[in-house]
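Both complexes shown next keep chain A, but they swap its partner, so chain B is in the first and chain C is in the second.
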Partner chain A sequence: MTAQATYLYAVIRPLPRGALDDLTGISGARVRTVERDGIGCVVSTVSLTEFGERELAANLNELTWLERVAREHDAVVRAAAQLTTTAPLRMATVCRDDAAALAKLAELGDRTRAVLQRLDGRIEWGVKAFAVTRPAPVPAAAGAVSGADYLRRRKQESTERQQADAAAAEQAAAVYAALADESVAGCRHRAQDRQLTGVEEPMLLNAAFLVEHSSAQRFANAVDELAARYPALRLERTGPWPPYSFASLDPS
Partner chain B sequence: MTELAERPAAAAESAPASLVDLLDRLLGTGVVLAGDVTISLAGVDLVQVRLQALISTVREESAR
Partner chain C sequence: MTEGIPARPDTGSLTRPDPAGLADVLERVLDKGIVIAGDIRVNLLDIELLTIKIRLLVASVDKAREMGIDWWEHDPELSSKHGELMQENRELRSRIEALEAGRSEQRS
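And then the complex of A and B:
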């Protein structure tokens, strides 16, 4: 028999028995919920041939494996978040068995309760800001240009570029501040590399905001207004997300 | 890397999340249940370190 373990997706406010029965999780396993003292946890059984220490280390180096598991994890978390307050756990949280998972949850006690309370009725929106690509500088007029003129022009172009970059960064900070005011909480992720985004423009802001369900439209409008106010930026809104970025046991 | 490309903003709400956005959240955030219950030798934190290293590697290679 293959050794098995329990994979944990999220801490939840308990659901009625069988509420997630139709759901399949990682590697097609049936999703279950376990519960103790009014705190639930969404879990499924995984094989140690996939999630054992050595096997996991190898699998994590496979981008296709990583993407599949990330999407399977996300699908389960999203399904749970449709039904109840859901605090996602970090990917690849694995316990020996259900009893070990429950024991760990019990140990966390009131801290899990506090997280769920913070997330009740709220969703996450992502907002990214990119610097709009500037038009290429106008080529010099044809004809001879002295070396000094050339250097002077290059220096001026460089100064203008730096000023534009600084202004765009300031505007991105202003966008973050304005949206933090519109939301319950905000958090900044690291800006994504342009090779990973596939977008040529540099990313200046990669933020997430915790927003009341009922304020979703107001938040969207605020993003649109900021996009109009700062034409040097291109804003991109993603979501709604389960509140991944705000499911911390130790909120700052 | 084209499969990692962002969707246009207009389609953001219906399109599947980009993998990069997803990994920002799945690896960098969420409730951390570190400790003796994890099956790996050094627990969840080790897994996280590996994942972060992987992402950094991808980023560094891409940046070249």
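And then the complex of A and C:
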């Protein structure tokens, strides 16, 4: 028999026994919940041949493994979030066994309770803003253009471009501020690289917002209104997500 | 069941992740969430370095290959070739040891 350990997906408000029984977790393992003092934890058993210290470090650097496990982790967290208040744990949180996992949770005590309280009835939405690509400036009429005129025009074009970039960045900040007002909390992730998004336009805002379930429609409307107000930006809404970006033991 | 999430067909469902959103998933599951020290320690610095690299990666490995981006296959840190190189290294070392041992035997 190979050595096993307990993988932790999320801290939850306890579910009825068997609520997650149909769920398959990382590497096909059955998902379970453990519970102590009114705090639950979604777990499954993993093999140390995959999640031992050295194996895990190597696997995390293996992109296909990383993608698979990230998606499996996310699927379990999503399923739990469908049923109860769910505070995701960072991927690859592994304890020796269930008892060790419960001991870790007990150590955190009221801090986990506070996190769950903050997340009760709320969900995360992502909003990204891209700068809309502007049409290239119309080339000057051919013919009588002096060198000085040409340089002057080039300089003017470059200034205009810089001003447009600055304006778009300001608008992205305004979008963030407006949506932060519409939500319980907001957080700005790092903008994703063009190579990562596969989108030519630069990403100016990569934000997440914690929103009351009951306000989901209002939040969506707010995004639409902002998209209409700022035509220089293309807004993209993702979600709903389990509240990954707001499951922190040290709220800011 | 406590706190159920009501079905909201007009605003999407939690159970249907956007398959294209690998970058979004990774930035959440690796960078966010409650951090507790498990019994299996993961070097946080390694993960941070990794996420920086992943930020530069296209949405999926296959898509990246299609686009001709395959730097990780040449990056020992991100590649299984790392293991092969280590193995090759070990084999070379033992061959050198064997050769050196042979030479000292000849000398004596």
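Quick note on the criterion: the second predicted complex is superposed on the first by the 250 of 252 C-alpha atoms of A that agree within 3 Å, B and C clash if a C-alpha of one lies under 4 Å from a C-alpha of the other, contacts with A are read in each partner's own complex, and residues count from 1 in each chain.
Operating definition for what follows: contacts are C-beta pairs under 8 Å (C-beta built on N, C-alpha and C of every residue); 3 or more make two chains touch, one makes a residue touch a chain.
Quick caveat: nothing in here was measured; it's all calculated off a predicted structure.
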Item to complete: After lining both complexes up on chain A, report clash or fit for chain B versus chain C.
Response: clash
Worksheet item: After lining up the shared chain so the two structures overlap, which partner does A:16 touch, if you call chain B first and chain C second: first, second, both or neither?
Response: second
Worksheet item: Which partner does A:236 contact after superposing on A: first (chain B), second (chain C), both, neither?
Response: first
Item to complete: Pick one for A:217: touches chain B only (first), chain C only (second), both, or neither.
Response: second
Discussion item. Quick check on the superposed pair: does A:8 touch chain B, chain C, both, or neither? Answer first, second, both or neither.
Written reply: both
Discussion item. Taking the superposition on A as described, I'd like to know which of chain B and chain C A:100 touches: first, second, both or neither.
Written reply: both
Worksheet item: Regarding the shared-chain residue A:249, is it in contact with chain B (first), chain C (second), both, or neither?
Response: both
Fill in: First (chain B), second (chain C), both or neither touched by A:197
both
Worksheet item: Does the superposition put A:118 against chain B (first), chain C (second), both, or neither?
Response: neither
Discussion item. Between chain B and chain C, whom does A:73 touch in the aligned arrangement: first, second, both, or neither?
Written reply: both
Discussion item. So chain A touches chain B in one structure and chain C in the other; where do those two contact lists coincide?
Written reply: 5, 8, 10-11, 51-53, 56-57, 60-61, 63, 66-67, 70-71, 73-74, 87-96, 100, 104, 108, 112, 115, 126, 189-190, 192-193, 195-198, 238-241, 244-245, 247-249
Discussion item. Going by the contact rule set out above, which residues of chain A touch chain B in the complex?
Written reply: 5, 8, 10-11, 48, 51-53, 56-57, 60-61, 63, 66-67, 70-71, 73-74, 87-96, 100-101, 103-105, 108, 112, 115, 126, 187, 189-190, 192-193, 195-199, 206, 208, 234-241, 244-249
Discussion item. Per the contact definition, I'd like the list of chain C residues that touch chain A in the complex.
Written reply: 1-6, 8, 10-15, 17-18, 21-43, 46-47, 50, 54-61, 63, 69, 72, 77-78, 80, 82-83
Worksheet item: Tell me, which parts of chain A touch chain C in their complex?
Response: 5, 8, 10-11, 13, 15-16, 19, 51-53, 56-58, 60-64, 66-67, 70-71, 73-75, 77-79, 81-85, 87-96, 100, 104, 108, 112, 115, 120-121, 123, 126, 189-190, 192-193, 195-198, 213, 216-217, 220, 238-242, 244-245, 247-249
Worksheet item: Can you list the residues on chain B that touch chain A in the complex?
Response: 1-2, 4-6, 9, 12-13, 16-33, 35, 37-41, 44, 47-48, 50-51, 54, 58-59, 62-63
